[in-house]
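One structure coming up, written as structure tokens, with questions to follow.
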Amino acid sequence: MKQISGNSSRQQRISLKLASLAVALLGASALADKVVNIGYSGPLSGGAAFYGKDVQSGLDMAINEMNKAGGVTVKGEKVTFKLVALDDRYLPNETATNVKRLTSQGIDIIFVPHAGGILTVQPLTNRDPEFLLVAYSSEPKILESKNPLTFMLPPRYDNYLQPFVSTQMKAFGKKLGMVGTTSAYGKQWAEAITGEWTKQGGTVGTNNGVDYATTVDYSSAVTKALAEKPDVLFIGGPSQPTALVVKAAREQGFKGGFIVMDQAKFEQMDTIVPRAYLDGSVGVLPTKEFAGTQVFVAQYQRAYKKIPTSEAALNYMGMNVVAKAMELAGTTDDAQAIRAQLNAAAKALPQSKTVYKMLGVSAGGHADAEFIIASVKGGKYTKLRVNTVFK
Amino acid sequence: MPEVVQSEVLHSGSELLRVEGLGIRFGGLHAVKDVTASIPAGQITAIIGPNGAGKSTFFNLISGFYKPTSGRIVFQGQDITRLKTHEVVASGMARTFQTTTIYKELSVLENAMIGHRVRTRAGLLDALLRTGRERRDEQESRDAAMTALTRVGLAAHAARPAGAMTQEGQKRVGIAMALASNPKLLLLDEPAAGMNPEETVSLMTLIRELVAGGLTVTLVEHKMSLVMSLADHILVLHHGQKISEGLPAQVSRDPAVIEAYLGSHAHGGQMGQTATGAAPHA
Amino acid sequence: MLGNAGTKSAGAGRFKLGTWGWVAVFVLAALVPLFGPSGYLLDIGVNIMIYAMLAYGMNVLLGYTGQLPLAHAGFFGIGAYTVGILTLKAGWSFWLAWPAAVALCAVLGLLLGLVAFRTKGDAFSIFTLGVGVIIMLVINKWDALTGGNEGLNGINPPAGLEVLSKGVGLKLSAGFYYLALIALILTVLAVARARGSVFGRSLIAIRGGEDLARSAGIDVFTHKLRAMMLSTAIAGFAGGVYAVYVGFLGSASAGPAMTFTVLLYLLAGGLGTLAGPLIGPALLYTLTQSLKGLQDYQYIVFGPLLVLLIMFAPQGLAGLWMKAQARRELAAVTGKKGAERA
Amino acid sequence: MSTFLQQLFNALALGGVYALVALGLTLVYGVMRVPNFAHGGLYMLGAYLSYAVLTGLGWGYVPALIISAIGVALLAAFMERVIFYPMRNAPHVHPMIAAIGVLFFLEAAVQLVWGPDFKQITEPVPGIVNVGGVIITWQRLLVIGASVVVMLGLNYFLKRTMTGATIEAMSQNREGARLVGVNTNRVGMMTFAISGALAAAAATLIAPIISVSPSMGEVMNLKVFAIIILGGMGSVPGAIVGAFLLALAEVFGGYYISLDFSDVIGFAMLVLVLALKPQGLFKRGT
Amino acid sequence: MLEIRDLSVNYGHFTALHSLNLTVSPGEIVVMLGANGAGKSTLFRTLSGLQRPSGGTATWNGVSLTGGRPEFNVANGVAQCPEGRLLFPELSVEKNLRLGAFVHRKDPAGTARELERVYELFPALVEKRNVPAGSLSGGQQQMVAIARALMARPKLLLLDEPSLGLAPLVVEQVFEAVQRVNSAGVGVLLAEQNAYAALGIAHRGYVLEGGRVSLQGSQQQLMTDDRVRSAYLGV
């Protein structure tokens, strides 16, 4: 138990007792001078477990690589990392409980991959004890709260809107059908894409969004949307159901294009439906199609036996940026100091740790990664440039 | 008790309860059909009849448990046909059940106190705020319950869990529960079921005592020895209809009753000629 | 007379012991924040207390009245969202919104009861399950009011709580702990009073058998309605604490999964007992927290544990304790009798 | 019009799957009076077993369906013996809680073995048929056809075989069944096995249309409970009618009213029916 | 032959049967008389294996009937037509009857023969064969119940209160049928409240009072014994 960093106090020992089972399982690597625990609260069971596990794999991979390399050097001391992952079943209140548990174990960096959980625990970051919240969610409200200890990893989705819409409107026509998921994020996307589509002069059909998590069969929603004869369909939610929506639409004779919300990943979708079905879609370029990601992709696949998505990749990078920021700040437990070095760390991230090109971290705490979107044509991904619209 | 007195009471018209043309249908089945009868005050009336005769249904009708499909019930001059069960209890009629249905996990006292609920008015808000009414009602329940327990001879067992009592004791708890509502009329559904002979005797004594104290008792019972020695007045049902009514001695000689119980010899087939007529009139 | 005296002393004795036990438990609980425990420990405490309140509410119907309601989390959600919406969108103070939420839950409980108590047994449970699912779905779909899938975020701590906590030298988390503790004490007090009253005895009578209760002169329907109102009001009461404590509301907290969790806690603690609804959450919540370290294995352990618990200790821990106590008492009584006879 | 027909077909396929899952649940309730909340878990496990046979052993779709049905049937029978049979005299809440425990366990175990991500079962017969503007995939036709065949088979089994008759007999009068010499223990186990097999078959049929995931049983659980309550707990025709009613309500409610509220429509229908007819549409005799 | 030796049954503290002794020889009709609550149904439930005795034995041709396995007793030739009939109300009459032959399910030909025989015995059931049993009149349901018991091809038929709630004419039909069954060599143990009707067809009888045999004798003896009446009427 000595690996736990930070000032040991009575309260920590009390919570340690409670968490003894967890800690016992964590074990300890006695090789390094110091082990820093990194917290993670995400859905590890239930319907969103696959998502939580993808994020976890990315973090895990980053930590394993750094540890294998002997750790990072902070103030002359070799530091290795240990991931403390807790299940919150996607429930914000459980995220809050997990975060309190993690902070009372002296953990100062906590990754949370869902908007509800992030928004719930944001007010906790600067209460005693402070911690750095690494947020993996594109929800704009996360930045709006101007929380000084939040580090938001994914790019905001509003960057995608303009190129998605203009590409598809040009290619297929002016009528948009809506079959997105009705998750909070999905609804925002739907609203934004509706706005952008109308702005560029198109018409939007009735919103036929369905909850991708609870719908047993998507065909009736698709049938309803197709009844309006749209040229383009807006779809998206988790990759697998999204692929099934594509399938249902194609099978019902839809010949138009898809705008695929960024939550869905082409690389996962094309394991479920023929690539040909995806022809005419715009969405996020698969991670493996990015330049220079081959090593990451190969290693990830070897270690976790699954396709690396941007979930894994961005959290992998996020962890590396945080470690780098610790080096630069010369501390492993001062969240403020680490946060202050994130921009420098992002810029200094070595090529070997870069999956997507990192431009830096904005003053608001937002990772500015160069993101590439793609359209699918003839089974091939064609890159589309994104014009960054946010600061 | 001299029979003269009984018939006087009967004819004096001091009937406590009267049913007129009472009937109920379950689906196509006429479980009770057009029964007109009255229960005299201050006596023990037994309702008897062979298995399936509709006695329990009749009981459930007068206690407000079932709603009749025809006829009416008049209790103490008041038409109670359409009253809800708890309102019937409030009007002064309490019952026990066929099997020993009491609250076994509660104390004997609490069982009796439940029986007094109908006389109290304290509700949820009184409970939460511990109002004066709550405290008064609680005390009153306790007193009424103790009185009832004293009447059935269980005052000393008030604190025991009711389930720990003997079979007979549990019957008495059931009766105490009914008595706690201060009824005029006590309906006992098979009070002697599942009891051994000694217990039955002691129960009969209790019932007599209660009646001597001014209560009117009506019971459904299968143990004929008990009925014949206990009841002042008997009502016989068969196939849901009243076939006879009167004093025990009259009823037990009534050919209709005997046929209902033992079957007519005519239906016994050709072998049954020997005892024809002999048994009923012996 | 003798009997009367005996009853009273026995009853009073038990009552006294029980009351002192509760006072001790609450005093101990109140002392916890003074030792400066971690935020996590306090958080566990608050969560246990919120779950306990919910379990008390459910116990009123299931434990005392014998009706299994499966819309319980729905009312928890309604209470929480009422507080959330009134404070966030209407600008009410928590101290006003909270009682309003409780009153709303009581009224809605009355309305539900008017329809639901037309059914009995399994049908009642399933009917309320359907209502529970609908409540959750409506919360989930009514974006304009509830924020839908996005949830309600940024519900502020009750006015004055932070100042108050700071004033006595405690953190806000300790303030929340005391808020929950006071709410729990009020809940226990209300439930204990209701149980120990003329009214509560009638509920027990209904649990023991509706027909019997009716024949004993109890207005079963009205009593069930009142029990339902008390139960849903307590759920809303707990929901109010939850709303300000977590600060974020999502529809999942109003769903059947939550109801089943509470049911589980209640069963583990002991149905129909006063201690059970506190013991169950305290034990099982702590257990799930410690199993969390097992990650992928947590439910592999928890599931079978649940099965074993219900198979071999269905009366719950409080039930086990009471059974043992009853056996001791009985042994004492019979032993005494034997001695007298000898 | 073609949209209407298209939706009708969607509803039929969905209803067929609902019916198969609901039938097992209602049989178990009828015979054992157990509201088996683990049923959704059995359904989910069925999909995974098929997936395992298809990808692990590389066998065909039909053998996968059969093996999965047998596997889940055995597990369900085992569950009955070890958990529900010993609890047959407990208050009805208890077996329900135990079933929830089993559901937790099954989900966690499947996630541990196969991981939390979605799995895909490929269609045995890919492609579509276009019938007068109504486009139907072969898989959907297969689902409709197979569910009809299974329902007919179940009907034949229940109505025309002695063993099947014992199930109905036991659900109508347990003591009467014992008096004619039916071994009610064996019937209980058999009923669980059948319910497991039906759930597994349903899961395997719909798996190519939806994705397979550890939590797929949760959604199904709520729906099939709604169905059997709607139809009357324990009623076989009730389960079938309830399944198609729910599917039609969801599909056409979503189409004509609002997709967003299609789930609400299903449950609102349930609550409405129960408020009017507390025993469900097909009230059971005593 | 049915032999009951010192059979006792308790429900909790209550003793429903006090060391009962009785026999039924093959081909005999023996009637158990007694008022409601005398213990008749308890005895029948015990003989069918539904109720475990607390003491004593009950054997059929030397084989114990009290092993708690009703299906074993039926297979062994002891079938009961219970009080309250316990039919399968939603199943057709014929399905009810076929289920009665459940223990002979490996012998469909025999079951078909038996089915014909019971239809012969109760011709009224033929036209109702496809009707749900629950929709029949009380008398017809009683016939189905007896017929169902007969489908098991019993050597001993336990008949509990077959006349309960039936009109006199129907009772007559039922008793005639019982006689015919008996004349085919089936022993019958008949519990009956309708004493004279039952004695009319019985060879011997027992009177049960408070769980004890208070009287036994031949048909003639019981017919003329006033104590039979007092067992019912208490005087």
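First chain written, first letter: the chains are A, B, C, D and E, and each begins at residue 1.
Going forward, a residue touches a chain if its C-beta (ideal position, glycine included) is under 8 Å from a C-beta of that chain, and two chains touch if they have at least 3 such contacts.
Predicted model only: the values in this text are computed from it and were never measured.
Chains making contact with chain A as well as with chain B: C. Path length between chain D and chain E in the touching-chain graph (shortest route): 1. Here the chain-to-chain distance from chain A to chain E, counted in touching steps, is 2.
Chain centres here are C-alpha means, and the one lying farthest from chain E is A.
Computed centre separation for the pair chain A/chain C is 38 angstrom, with centres defined by C-alpha atoms. Inter-chain centre distance (chain C to chain E, centres taken as mean C-alpha positions): 53 Å. Centroids built from CA atoms put chain D at 34 Å from chain C.
Multi-chain contact residues, meaning those touching two or more other chains, occur in chain A at positions 44-45, 182.
An unclassified topology is adopted by the chain contact network, corresponding to no line, ring, star or complete arrangement. Inter-chain contacts, as defined above, occur between A-C, A-D, B-C, B-E, C-D, D-E. Chain D meets chain C in the complex at residues 35, 83, 86-87, 90-94, 97-98, 100-109, 111-112, 222, 225-226, 229, 233, 260-261, 263-264, 267-268, 270-271, 274-275, 278-280.
The touching residues of chain A, when paired with chain D in their complex, are 44-47, 49-50, 52-54, 182, 208-211, 214, 216-217, 219-221, 223-224, 226-227, 238-241, 244, 251-253, 271-272, 306. Residues 162, 165-166, 168-169, 172-173, 175-183, 284-286 of chain D are the ones that touch chain E when the two sit in their complex.
Interface of chain B with chain E (complex): residues 29, 50-52, 166-167, 190, 193-197, 222-229, 239, 248-249, 252, 257-258, 261-265, 267-272, 274-275, 278-280, 282.
Residue ranges on chain A touching chain C, taken from their complex, read 10-12, 14-15, 18-26, 44-45, 85-87, 90-93, 96-98, 100-105, 115-116, 119-120, 123, 127-129, 141, 182-184, 186-188.
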